[in-house]
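Labels run A, B, C and D following the written order; every chain starts at residue 1.
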Amino acid sequence: MSLLEIEKLNLSIYGLPILRDVSLFLEAGKVLGIVGESGSGKSMTAMSVMQLLPGGSEWSGHIRLDGRSLNECSEKEMCRIRGNDIGMVFQEPMTALNPVQTIGDQVAETILIHTGTSRRDAMAIAREALNRVGLPEDRFPLDRYPHNLSGGQRQRVVIAMAIALKPRLLIADEPTTALDVTTQAQILTLLKRLVEEDDMGLVLITHDLAVVADMADEIAIMKDGEVVEQGKTVPLFRRMSHPYTKALFEASGHVPERKTHEIDAAKPPVVQVDDVIRDYALPRTSLFSAPGRFRAVDNVSLKIARGENVGLVGESGCGKSTLTRAILALDSIQGGEIRLNGDLFSSSGGGPNIKSRRQVQVVFQDPYSSFNPRHRVDRLITEPFHLLDNPPTGAERRERIVSALTDVGLRASDADKYIHEFSGGQRQRIAIARALIIEPSLIVLDEAVSALDVSIRAQILDLLADLSDRLAVSYLFISHDLSVVRAITDRVMVMKAGRIVEEGPTEDVFLNPQHAYTKELLAATPILDAALSAREAREHRNSER
Amino acid sequence: MSDMSLNSRPASGLLGSALRSPSFMIGFLLTLLFVLAAVISFFWVPYDVTVLNIPNKLKAPSLEHWFGTDIFGRDIFSMIMVGARVSIAVALVAVGIGIVAGVPLGLLAAARHGSLLDEVIMRGNDLVFAFPALLIAIMITAVFGPGAINAIIAIGIFNIPVFARLARGAALSLWTRDYVLAARVAGKGQARISAEHILPNILNLLIVQGTIQFSLGILAEAGLAFVGLGTQPPLPSWGRMLAEHQTLYALAPQTVIFPGLAIVLTVLGLNLMGDGLRDIFDPRLRRAR
Amino acid sequence: ADTEVTLGAQLEPPNLDPTGGAAAAIDEVTYSNVFEGLTRFTSDGSVVPGLAESWEISDDGKVYTFKLREGVKFHDGSDFTAEDVKFSLDRINAEESTNAQKALYADIESVEVVDPSTVKVTLSKPNGSILFNLAWGDAVIVAPETAATNATNPVGTGAFKFDDWVEGDHIDLVKNPDYWGEPAKLEKVTFKFISDPNAAFAAVMAGDVDSFMPFPAPENLAQFEADPRFNVVVGSTEGETILSTNNKQPPFDNPKVREALAHAIDRSAIIDGAMFGYGTPIGTHFAPHNPAYVDLTSQSDYDPEMAKKLLAEAGFADGFTTTLKLPPPSYARRGGEIIAAQLRDVGIETEISNLEWAQWLEQVFKGKDYGLTIVSHTEPMDIGIYARPDYYFQYDSPEFQKIMEDLNNTTDPAKRTELLQAAQKKIADDYVNGYLFQLANTGVVNAKLKGIWPNRPTQANDMTSVYWED
Amino acid sequence: MLPFLARRIGSLALSLIAASIVIFLVIEVVPGDPASFMLGLNAAPDTVAALRDSLGLDAPAFVRYWEWITGMFRGEFGTSYTYKVPVGNLIADRVWVSLPLTIYALTLSTLIAFPVGVLAAARRNSPTDVSIMGVTQLGIAVPNFWFAMLLQLVFAGILRWFSAGGFPGWDAGFWAGMKAMTLPAVALALPQASILARVMRSSLLDTLGEDFIRTARAKGLSRRQALWRHAIRNALIPVLTIIGLQFSFLLAGAIIIERIFYFPGMGSLIFQAITQRDLIVVKSAVMLLVFAVILVTFLVDVTYAIADPRLRRARS
């Protein structure tokens, strides 16, 4: 008998079908990975198991935990099961904790709810659970509030809450998506250890194939509310019988074809950053003392030649976006200067030089918030015309719009649509079109593909590569996803705590990292092939034994 | 709450959800009723409200006088129609003052977030809030004398910080949106961005708040008129009708019930409409339904 | 029987010193209850001896010798003597005096103490009204030691002593056991201040107050009348309610226009509409219950056609626009709306503005910035104001001023009556103001409470002889 | 926490100074002369001048402002022009009436609004919720003076359970005082309760949509447990703001209600003082109210910091 059996689960919300005939099985002590694109129904499957479905949901099929059918459980019985038999960890560690309760209280609550222990005992158990997830007493006393903790630490608290009572089943819904790679690696290791120690079943939901290859014994691939393929990890990846699995696999390891760029040393660099410092003012601590400062970018210098693609990597909060904003002259800088094509663009003394501004454009991470929802596409993408002395009008304007749209693979007729009529990938294309329309020499891409599904991400990377070949535009490509950076850039810079710690041609850095931090970063990055081979070897060893 | 309009989408589909929102529909119909009464009163009323007919005073509702007659024998129904005009005009202009003065202030404060100017604007707002509204209204009328204009000013002043705060709060969260950054990258200045990107996207929020302030304005006008500081005779005003007949609660209830109901229903209508609009504009709630 | 009474009053006195302010509310609490003068009014308006037992008037009418009552004590236990009288009267005329009616006593030249119970008052010229004027609350006798603190802790000679004042709510008076005259029948009198007419109605209905005089909402009297718990009292006041006209402001400087105004007004509609029938029409500035009153109402009958004709003659065939500034009392606010409608009928448009008293005093009374206003002149026998050209009507008639001068020089009652009637006719002939009605003293009193003054010869609630009937 | 307090106290002082200047200037331009008001229709001009002099009305504006401010620091507010008693005493008496009334009304409105708001949020979209929302809409729409008159008519005029108004003073006993306050407090509280209940509901609904509620449910808390243990405290923050605002409204905005119930509170003191041009009372009384409001805002801010540990750090 399996620990968890889901049989022909069908779910609809207000009549809208969400899940169709989902069947999944999981043994104790094993990890089931569920992968699939955004909206494919991964979370809803998990919520069905928890019986925490949104209003208007109707479901049919069978869900059994240890042979006990959840179909027959009343809400009261479900309350007894949640937290006790099934623990759950959610994606967003920043909001998953109650901000006004101490972490001790929140962990102990699980225990108090389900067992008759005294508060003191519950606190003791909570303490132990926190110790287990790597939050030792001396640094993390029980009376800490969540806002004193980092994202990874909060995620540990959430995990401690879920495992406090040693549940039979743990469901983790994208538990690391919001964390940077090094923290992700720690959390995944922790989960793996807990599964082994408690002989717990783990359902791990993710969209990252590499993570799942590393973690899961069995994998289910979901698409549009259906499980399209399911099986043991290694054979599933090796065989890839379903075309969707195959597409997914290919997309996640996709490397766009690129020409190598010749650098013309005679021309001035597209952008030259010299000793830039950016301080954020901290809130005043008292009326009379001067406000404190936080140095987010610390003496950074960099150069990008015409046609060159440069990557900037580093963990969350290291100052990547701040540097971008400085290069775009969106914020004033407190030291150093920035030149575009040899002309002074901004410096610590003065504001930006408007004339140069048209040399640089940007594409942001979130395709949803990058556009004013009230404007049509033609108006959206022509916004940078504002920077031109004689903005084109009439037929010429139309022509430029059409060519920008076709450049990014959209149709001319899309110009009259509103932004909500497009998918995320299409929106990101429009964002690129907007950046291209005044033919800048540098485009800054701040996490431009991070929010996209793998298959769409692959398309956008192709597009970017193609554009850079055709138009000789330079990119400053910022991402925390090393594999993407590796795929698209010529040169890479590694940033840590506001400083650039390593720099060099991309392949060199990836193959032969010099700085300890770079090494750590690379080690923590899950890589699909490597994970698969490791698993294969392990399984092979196990079967031989 | 401040997030509601920020995800707003263009008009398409709003009409449909409006028709499906009962609170909006009830509110809209009630509001429409009073706006119509006010508009029609310009062309036609059953009886002239400036003509007194003292022998005919305090008549109970009848076929001739649907709502009865007041202390001077005037037709209460006609007075309520004309009074609607006054209430709506006073509240509308007062809200107008609040929007015209408050929204730019709020947008400016948001654009210069963290600057001294922002601080000054926000502290100024707090200061206005610190003064008890009715008292200031009384002081203003003590300085300038009672009358519709001064009532408008008094009510309007208190609308300014309401809108300034609302606009600032909403604008601040929009200023962090990527599309605003994109506009800055396109070289647009603060004023231009405020006008092109911020204002249109907080419009929904302003409309909802405007409806609510409008209803508060009607209540405030009634309150001022009740203490004798609002609109002056011979123009009828609902609040003054209540004040002038307050001693006739028992003797001639029609004189206080109908103007009172007029206030209640109008305010109710506007509030329901505001609530409905909020639901319609707020995609989060829409999804939940 | 019960010995406590709660009276409702619309206005709270700002302070309790009747010699230091004009507010009627001060007298309404203290007159005759706490403070007494040499003479005093009775309910019907006649003047009788007060703290002066008797007096003699010299033949030239200039010297009054008052014989004071003996054995009178102030509430603080000190004796009342001629010195107190001299102090009080001298204080009125002192340079730094803030007595609101100082003008009434301007003729007093000197006050002499003859002996502890005799005072000689010498006038600069004969003044037939001086005994009457001395009966006003502004001429009450106070003790030098307590004069400065009377505003908050009044010490007089009356039948009641001041006990307690909760500002904004009520004032308590208690019986003075050492009163020189007939002691009060009540142990305690409470004045409760209720400005809102609707609240007044509720308070009476709830039994919170035993009497409310004058009751601010005449429209409610019918209901009280129907209720056996209450008696409705209708008496007279000294309040001539008039449509005051700015005689210097065009077009009212034209007598024809003023005459037209007089004919455009329908008094009965105003009395009916604003006062629910309570009030006596008047045709001149004089109280109808006064024996010297002449009924001149027919001289200004309601005749809109005539009014239009007169206006046309005066060159205003198309009418004109003027201001109508109204103080707070409901007779003014309601009367104003009715008059505005009536004037509109003859082509005169009015811009109504409702003012607070302070604003009214500033704009109308002091600034004379008005066309028309409505106000009740509640001072007794105040026709003399028409002799003051700088008074806010700005009526400047040497003829009338002569009549008044003669009146002051006359002590013979018959002659005085004649002069008073001439004065009444003169202002009616000149249509100085629109004369509307004499304010009625309408009130509601618990049916078991007896002895309340039905009339108001002055602003007073004389409680000395009020008692509960079992 | 300490620097946060220092900062808030600094801005509190600045606000007070600004407020005092505004008040003084407004009082300066109010037309109408207290002296002529006191002396009435028959007064001679020199009498008025004498009174103005004795009231000290003719000193230059700056001197009067300075004396007013420094006087307040010494606890001297001057003597009322009309009442002739120290303004401080006058205001103190009223505060002892207004403050209890405000607290009474606020307590009533909170006691009503809290359970009603929670109930409506807990049963979202149920008939209970819909009818509660309907009633609260009505509660907001009804002008409070209209409602007050109705209360007075029914409970004092007809049923005679309460006196129609007035306040006997605390000397008359605690219960007598409370009884006299009941009708005005109810008239004040019901519309406020409607507003508060709506805020409570929507704030609670917002909080119920938060991720940490889902976390709590995943721990095995029932809907109700999640509501009580996690949602309410978080939802309380906007509710506190409204309560703070209501406090100021009730303290001074009750003028109309005080008139209807001829209740000797701060509102009617100021109203009366304005009509009588007893401006020395007006300016100090208004200043006191503004001070109270600013102080309450300050206290609400500090309470936030206690209710929400995040703020403690963010600001310190």
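In the analysis below, a contact is a pair of C-beta atoms (placed from the backbone, for glycine too) under 8 Å apart; a residue touches a chain by one contact, two chains touch by 3 or more.
Keep in mind that this is a model prediction, so the values were computed, not measured.
Visitor: Under the touch criterion given at the top, what is the topological distance in steps from subunit A to subunit B?
Guide: Steps on the shortest route: 1.
Visitor: Sort out for me whether B-C or B-D is joined by the greater number of C-beta contact pairs.
Guide: Here the pair linked by more C-beta pairs in contact is B-D.
Visitor: How many angstrom lie between the CA centroids of subunit B and subunit D, rounded to a whole number?
Guide: For subunit B versus subunit D, the centre distance works out to 23 Å.
Visitor: Quick one: subunit B and subunit C, Cα centre-to-centre, how many Å?
Guide: Chain centres of subunit B and subunit C, defined by C-alpha means, are spaced 45 Å apart.
Visitor: When the C-alpha atoms of subunit A and subunit C are each averaged to a single point, how far apart are the two points in Å?
Guide: About 87 Å, centre to centre.
Visitor: How far is the middle of subunit A from the middle of subunit D, if each middle is the mean of its Cα atoms, in Å?
Guide: Between these chains, centre-to-centre, one finds 50 Å.
Visitor: Residues of subunit D that touch two or more other chains: which are they?
Guide: Subunit D, residues with two or more chain partners: 31-32, 149, 153, 157, 259, 274.
Visitor: Can you list every residue of subunit C that touches 2 or more other chains, as numbers and ranges?
Guide: 196, 198, 201, 356, 358-359
Visitor: According to the definition of touch, which chains form touching pairs?
Guide: A-B, A-D, B-C, B-D, C-D
Visitor: Can you tell me which positions in subunit A touch subunit D when the two form their complex?
Guide: Against subunit D, subunit A makes touches at 50, 52, 75-76, 79-84, 87-88, 90, 92, 95-101, 109-110, 113-114, 145, 147-148, 158, 161-162, 283-287.
Visitor: Can you check the complex and tell me which residues of subunit B touch subunit A?
Guide: Answer in residue numbers: 7-10, 114, 177-179, 181-188, 196-197, 200-201, 288.
Visitor: Subunit A touches which residues of subunit D in the complex?
Guide: Where subunit D meets subunit A, its residues are 3, 6-7, 10, 210-212, 214-222, 225, 229-230, 233-234, 307-310, 313-316.
Visitor: Hey, which residues of subunit B end up touching subunit C in the complex?
Guide: The touching residues are 50-52, 54-55, 57, 71-73, 142, 145-147, 228, 232-234, 244, 246-251.
Visitor: Okay, in this complex, where on subunit C does subunit D touch?
Guide: Checking each residue of subunit C against subunit D gives 12, 14-15, 17, 20-23, 95-104, 151-152, 166-170, 192-196, 198-199, 201-203, 205-208, 356-359, 361-363, 365-366, 377, 379, 382, 385.
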